Amino acid sequence: MKLIVAIVKPFKVDEVKTALLELGLQGMTVSEAQGFGRQRGHSEVYRGKEYTIDFVPKSRIEVLVDDPDVPRVVDTLMEHARTGQIGDGKVWVLPLDAVYRVRTGEAGSDAL
Amino acid sequence: MPKIDTGDTAWVLVASALVLFMTPGLAMFYGGMVRSKNMLAMLMQNFFAMGIVTVLWVLFGYSLAFGGAGNAGLIGNFDFVGLKDLAHAVSGSVPSLAFVAFQLTFAVITPALITGAIADRMRWAAWVGFITLWSILVYLPVAHWVFAGGWLAERGALDFAGGTVVHVNAGAGGLALVFLLGKRRGWPKEPMPPHSLAWTLMGTGILWFGWFGFNAGSALAANGVAAQAFMNTFVAPAAAMLGWLIVERLKDGHATTLGAASGAVAGLVAITPCAGFVGSLAAVVIGAVTGAVCYLAIGLKFRFGYDDALDVVAVHLVGGILGSILLGLFADASVNAAGKDGVFFGGGWGLFGEQVLAVAVVFAFSFIVSGVIGLALKAVLPKGIRVTEEEEHTGLDLTQHAESAYAFDRA
Amino acid sequence: MPKIDTGDTAWVLVASALVLFMTPGLAMFYGGMVRSKNMLAMLMQNFFAMGIVTVLWVLFGYSLAFGGAGNAGLIGNFDFVGLKDLAHAVSGSVPSLAFVAFQLTFAVITPALITGAIADRMRWAAWVGFITLWSILVYLPVAHWVFAGGWLAERGALDFAGGTVVHVNAGAGGLALVFLLGKRRGWPKEPMPPHSLAWTLMGTGILWFGWFGFNAGSALAANGVAAQAFMNTFVAPAAAMLGWLIVERLKDGHATTLGAASGAVAGLVAITPCAGFVGSLAAVVIGAVTGAVCYLAIGLKFRFGYDDALDVVAVHLVGGILGSILLGLFADASVNAAGKDGVFFGGGWGLFGEQVLAVAVVFAFSFIVSGVIGLALKAVLPKGIRVTEEEEHTGLDLTQHAESAYAFDRA
Amino acid sequence: MPKIDTGDTAWVLVASALVLFMTPGLAMFYGGMVRSKNMLAMLMQNFFAMGIVTVLWVLFGYSLAFGGAGNAGLIGNFDFVGLKDLAHAVSGSVPSLAFVAFQLTFAVITPALITGAIADRMRWAAWVGFITLWSILVYLPVAHWVFAGGWLAERGALDFAGGTVVHVNAGAGGLALVFLLGKRRGWPKEPMPPHSLAWTLMGTGILWFGWFGFNAGSALAANGVAAQAFMNTFVAPAAAMLGWLIVERLKDGHATTLGAASGAVAGLVAITPCAGFVGSLAAVVIGAVTGAVCYLAIGLKFRFGYDDALDVVAVHLVGGILGSILLGLFADASVNAAGKDGVFFGGGWGLFGEQVLAVAVVFAFSFIVSGVIGLALKAVLPKGIRVTEEEEHTGLDLTQHAESAYAFDRA
Amino acid sequence: MKLIVAIVKPFKVDEVKTALLELGLQGMTVSEAQGFGRQRGHSEVYRGKEYTIDFVPKSRIEVLVDDPDVPRVVDTLMEHARTGQIGDGKVWVLPLDAVYRVRTGEAGSDAL
Amino acid sequence: MKLIVAIVKPFKVDEVKTALLELGLQGMTVSEAQGFGRQRGHSEVYRGKEYTIDFVPKSRIEVLVDDPDVPRVVDTLMEHARTGQIGDGKVWVLPLDAVYRVRTGEAGSDAL
């Protein structure tokens, strides 16, 4: 079992979600994040005073997957999160000790 | 006893309601510009003005401002303490109480204007003390001088609806407090963007709406002068909005929503003293000039390093001075027999001089007395007039009022 | 046929518009206090009042309330069904339709006041049924008794603008529903903080603004009585705001924004029955007392364990009772010849007794009939009058109206 | 010279303020419906109307619309350029400047209505150009034809407060722009839910409030016709709200807050041309029909695939057409001697025909000229009239105005 | 040292927090998330147009614990986050290389 | 490759960001969180009813780093997030199986 985390552009979340479903995944967890990196932010002006906002809105996707599925999931994530523009984001894979489903207490793959 | 005219009375009553509505409008106009952690404190300082000033006005404020009207003097008297003997009295063609209420709305909003300058850092207890003392020691005398036939009015200064009494007066008071309070921590380096321009725009709409009562109501009758004042209150802010947006576009590269709102308010400020004394085209010019100049005046705080948080100086002080002085040029007696002719209408420089004098006197008086009040409070209040770094950081809403402006739940 | 006075007509028309504007104001005042998941349901219940009550009023409501005015009776008649024969009629010095519209605004906001008590848990269909029946079975008769020369008015009870008809009436109705609906799940343990006090403050500003029409408009003319009512509507809420803030500061350690708003509204409620019958200083006292008492009255719901969500009982019922009864003490015929002298002005206890009677009668009638209506709906409606635990949990906006109040995007 | 009536003047001044307040109200009504990233752009397009149109009106707009009134012609003249000679003139029983201001408020809000159709994708510079040209080339002539005794009025078409001049006119202009701009990216597949229905409801309340000035003010006097128009402006939106909610409930399974707001506005639109010409019961019918029909009319944009973002066509164009044509059926000369009898009141089909003609002419003229203006701007403006995909995606607030509508801090 | 992450229904957070305190834990970090899974979302209607929102609001709880405490913490989390309805969420356990307390620089168990 | 997570006081984020940039890092991801721990929250009063809010606003910083950089990054994070007051937060280090850059598909250090 692995935890795959992807930082993607918010408007790509729906596309990614659909793609993962087609892969047969059952679920995922998404949260809002602010990204900083090569992609530059924007600036705002209020009464002549300019502010630069360095951070860019990103979505943070977490997916629990069985080890064999990792490559396919990672590829799918990258394929559908990609625009080719700077700021498309990152994907990383974390090892897991255990996973449980709260409702039933099931553990491991059964918990997904 | 003079007869009441129902039309004039209807108009003055409505105008009073409109002007009272301006204070919540101002609260929203300002509130939208502060960070969300200080939203409620801003609203509170403004709404509180509707409470404290109103009670003072009924008890003795009106009497000190308008008692002995026409005495060419420094202050009123105690003839109308508790509004006694006014229930059936008539002022001009309206019930005296309608006039009392109308004037009260001005007394309420004037100190409220100051809250924009001191945003984000004044202790609540200090504001309670300040607004109480300021209303008594600064507003009442100045209102008497200009609105109640006091010495400035008798000398011949014109102020149709409060360019000096309201805007220069509040602007000077705000500037004095800004110096005493000091800059907000992080200013001007840290970004402090408006937390909700939607509120600021709503406030702008309410202010413009109410300002028709403010200016056209100052005719104290539903007549041609009121209509002229109404028209001017329509066109000056419009021209000022355009003026501000054009300069802003050229200087910053964008025409902004906050700029449109700020320009409109600046134009409303500038036309206030002129509303019933100038023609429609003069109003266009006064507005356009004000919009451009007030935008540029914002630069002053950065140049001189005083933290006038929401630009009360650039908009109200500068706008009020501009309007009062431009009246010396554009005043046109053919518009209003009760008025005079300014420089451009063959009236020579007499009026202009009086206008400059009135502005200077009101500015100096308000600035000094406001400063003294601030210093006194600083000395007297155990915790002083400014919140601690920790409190400023957490925000005034939580630390001064134990409330949060927003709580979006997601259960 | 009596002649129309254009000034009086202008004033009554404006007053009607001002009072109608109070209902959206009330919606925002209440809406800001609920959790965001119930915001729209609150707004909807209030806006719906503007729809259903208005149509009922035109069809037969006005006729049942004001038909046969002065009959000292229990209810009106059908003379004006569909507003027939009113197009060119005159009431006093204004077109009858202006009076019809003015009174309609009262019929609209009264049931709307109830929504604050039942917040967060009433089924939409149940509210539709309740407001329809309540307007017909409760509001119309009570309005006839007090405003249309019905039996209470003929006995001599005074109610300038609706202390009993509007506030006691709505407060009693709300209390009855609160008992039938039961507490919100989690109350009072779970925190249910206001989701946006900015809306509550905006609503307060609108309410105060509109209340000038509510009270001063009830003079039905632009005259001295209107001016006195206007002045009282200015000072009473101001004094009440101070009263509430002081007690609050002493008891909780903080003067809060919600307290300032609540105090002002309490003062507006209390001055409603008195507006045109008392002097300015009496208004100060009535306001200050109300502010303090209503704040303390909030404790009742915790002591007795009834979940009056937004304190309609403490503010409107208690405030309405206070105002109606204090009028028995402070009424001053020298202010308004059409009024009477209260205890403090040598009028003895006669008026006081009538005031107490009127309050008791309206409270009892509204409480009982409201309860009966609620029970009937509970029995008749397939899903009852309260949402399920799941629905209450998800929120009324999604479950009753399939909408969300807010959606901030970040793409 | 005719005498000024203070009551009528008070009413027209107040009505003008009320109508001006509608534009910020409209901004909020629309703003709440767009996604938060486009909130400010929406507010800006509306507030800008208060700036540019007002200045144009004073310079020459009023003169071109109302100069040579009654000439049964196509356009006014230059008699009143710069509002010259109007300072002391009287129109009917009010100062001419009051009439000028009242009419100006209509000129401001009409183009503002268009912003709802073009939401989320029009370049700021393009809007600046469009509203300027549209006000001159479309609004001024049409206003002259119908409001200033131009050819349509002389033929006998009735339009009490602007069903054709305001609503059909703006609706047609919006439709033309929608075709030129094309759909928003993702429409209709992607969800584009309202970001804050609280603002939309607040806007609805302000619109209804202001509309009393819009319709009842169009009587230009505080008389019985004003009262009838006021009453109709009360009941028609109420009935329309019910009509919309019922159909919506049957079709979608829910009565929504947005539906209540939309229905009320649709009813206000439809009653606009009829307000002073029909009786109260007719207003109920007109309202109910409009509420239901306008709801159904929303389906058109999906059927025909044009992206009228906030349903200006369904609400203003369809509503305006309905009202103007139903007037041909329900007009009742017994309500207003200056009016006529429609089909149902024995007036035959003459008026009906004129109404149809007026609607057709205004629609065709506005649609065509608006299209030409749009095409011209598309050709002339370096960046065209529509933002880039990237800009549309990021949102207009940041890309057009370098601002964000909201910034909730949590430090 | 392990990092336990739990995705739970937002209204369960307070109950979970209390339970963890009773276990002797000193702290936790909670953030907002949108969950997608078997539990279906809801739909909204605006002017006749219906939108389906697939995501469900969830809270994401992070707790740092010493290895021996892991089982008890996991059980407590599941017990108190459970409603028995679909959508109760997941709990997963991640291995940690190190933990520090910013204020003092303390590392490992002392950092909790 | 490691994932360093830091829970810090929100007003410290800018300072931390600047410090990390000076270290030569290219990016980071920040999200909002509510913290619970020794630092107590605050209380609010509405119409006489007092509510205690236990949670404190925190920012959650995620940084992907090469193994050799871990110590320097951790130290920098702690140094610049520190106020010395209770509530400064935690920093923890998680092992990673893989990291990818969405835009290019690059893996490992090249993905940063």
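First chain written, first letter: the chains are A, B, C, D, E and F, and each begins at residue 1.
Following the convention adopted for this analysis, a contact is a pair of C-beta atoms (placed from the backbone, for glycine too) under 8 Å apart; a residue touches a chain by one contact, two chains touch by 3 or more.
Predicted, not measured: the structure shown is a model, and the values here were computed from it.
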Notebook entry, point to check: To reach chain E from chain C by way of touching chains, what is the minimum number of steps?
Noted result: 1
Next item on the list: Note whether the interface between chain B and chain D is symmetric in residue numbering, meaning over half of all numbers used appear on both sides, and answer same or different.
Entry: different
Item checked: Pair with more cross-chain C-beta pairs in contact, given D-E and B-F -> D-E
Checklist line | C-alpha-based rotation, chain C on chain D, 0 to 180 degrees, nearest 5 | finding: 120
Check: So what's the Cα centroid distance for chain A and chain F, whole Å?
Finding: 18
Notebook entry, point to check: What whole-Å value do you get for the distance between chain A and chain B if each is reduced to the mean of its CA atoms?
Noted result: 52
Checklist line | For chain A, residues that touch 2 or more chains besides their own | finding: 11, 31-32, 44-46, 94-95
Item checked: For chain B, residues contacting two or more additional chains -> 5-8, 10-11, 14, 193-194, 196, 202, 252-254, 256, 258, 393, 402-404, 406, 411
Note to self: Looking at the complex, which residues from chain B come into contact with chain C?
What the structure shows: 4-11, 13-14, 16-17, 20-21, 23-25, 27-28, 31, 39-40, 43-44, 47-48, 50-55, 58-59, 82-83, 86-88, 94-98, 100-101, 104, 124, 196, 199, 202, 397, 400-409, 411
Next item on the list: State the interface residues of chain E toward chain D in the complex, per the touch definition above.
Entry: 44-51, 53
Margin query: For the complex, give me every residue of chain D touching chain C.
Written below: 5-8, 10-11, 14, 18, 35-37, 193-198, 201-202, 204-206, 208-209, 212-213, 216, 221-224, 226-228, 230-231, 234-235, 237-239, 241-242, 245, 252-258, 260-261, 263-264, 279-281, 283-284, 334-335, 393, 395, 406
Note to self: For the complex, give me every residue of chain A touching chain D.
What the structure shows: 11, 42-46
Notebook entry, point to check: Which of the residues in chain F end up touching chain E in this complex?
Noted result: 2, 6-8, 31-38, 54-55, 58, 60, 74, 77-78, 81-95
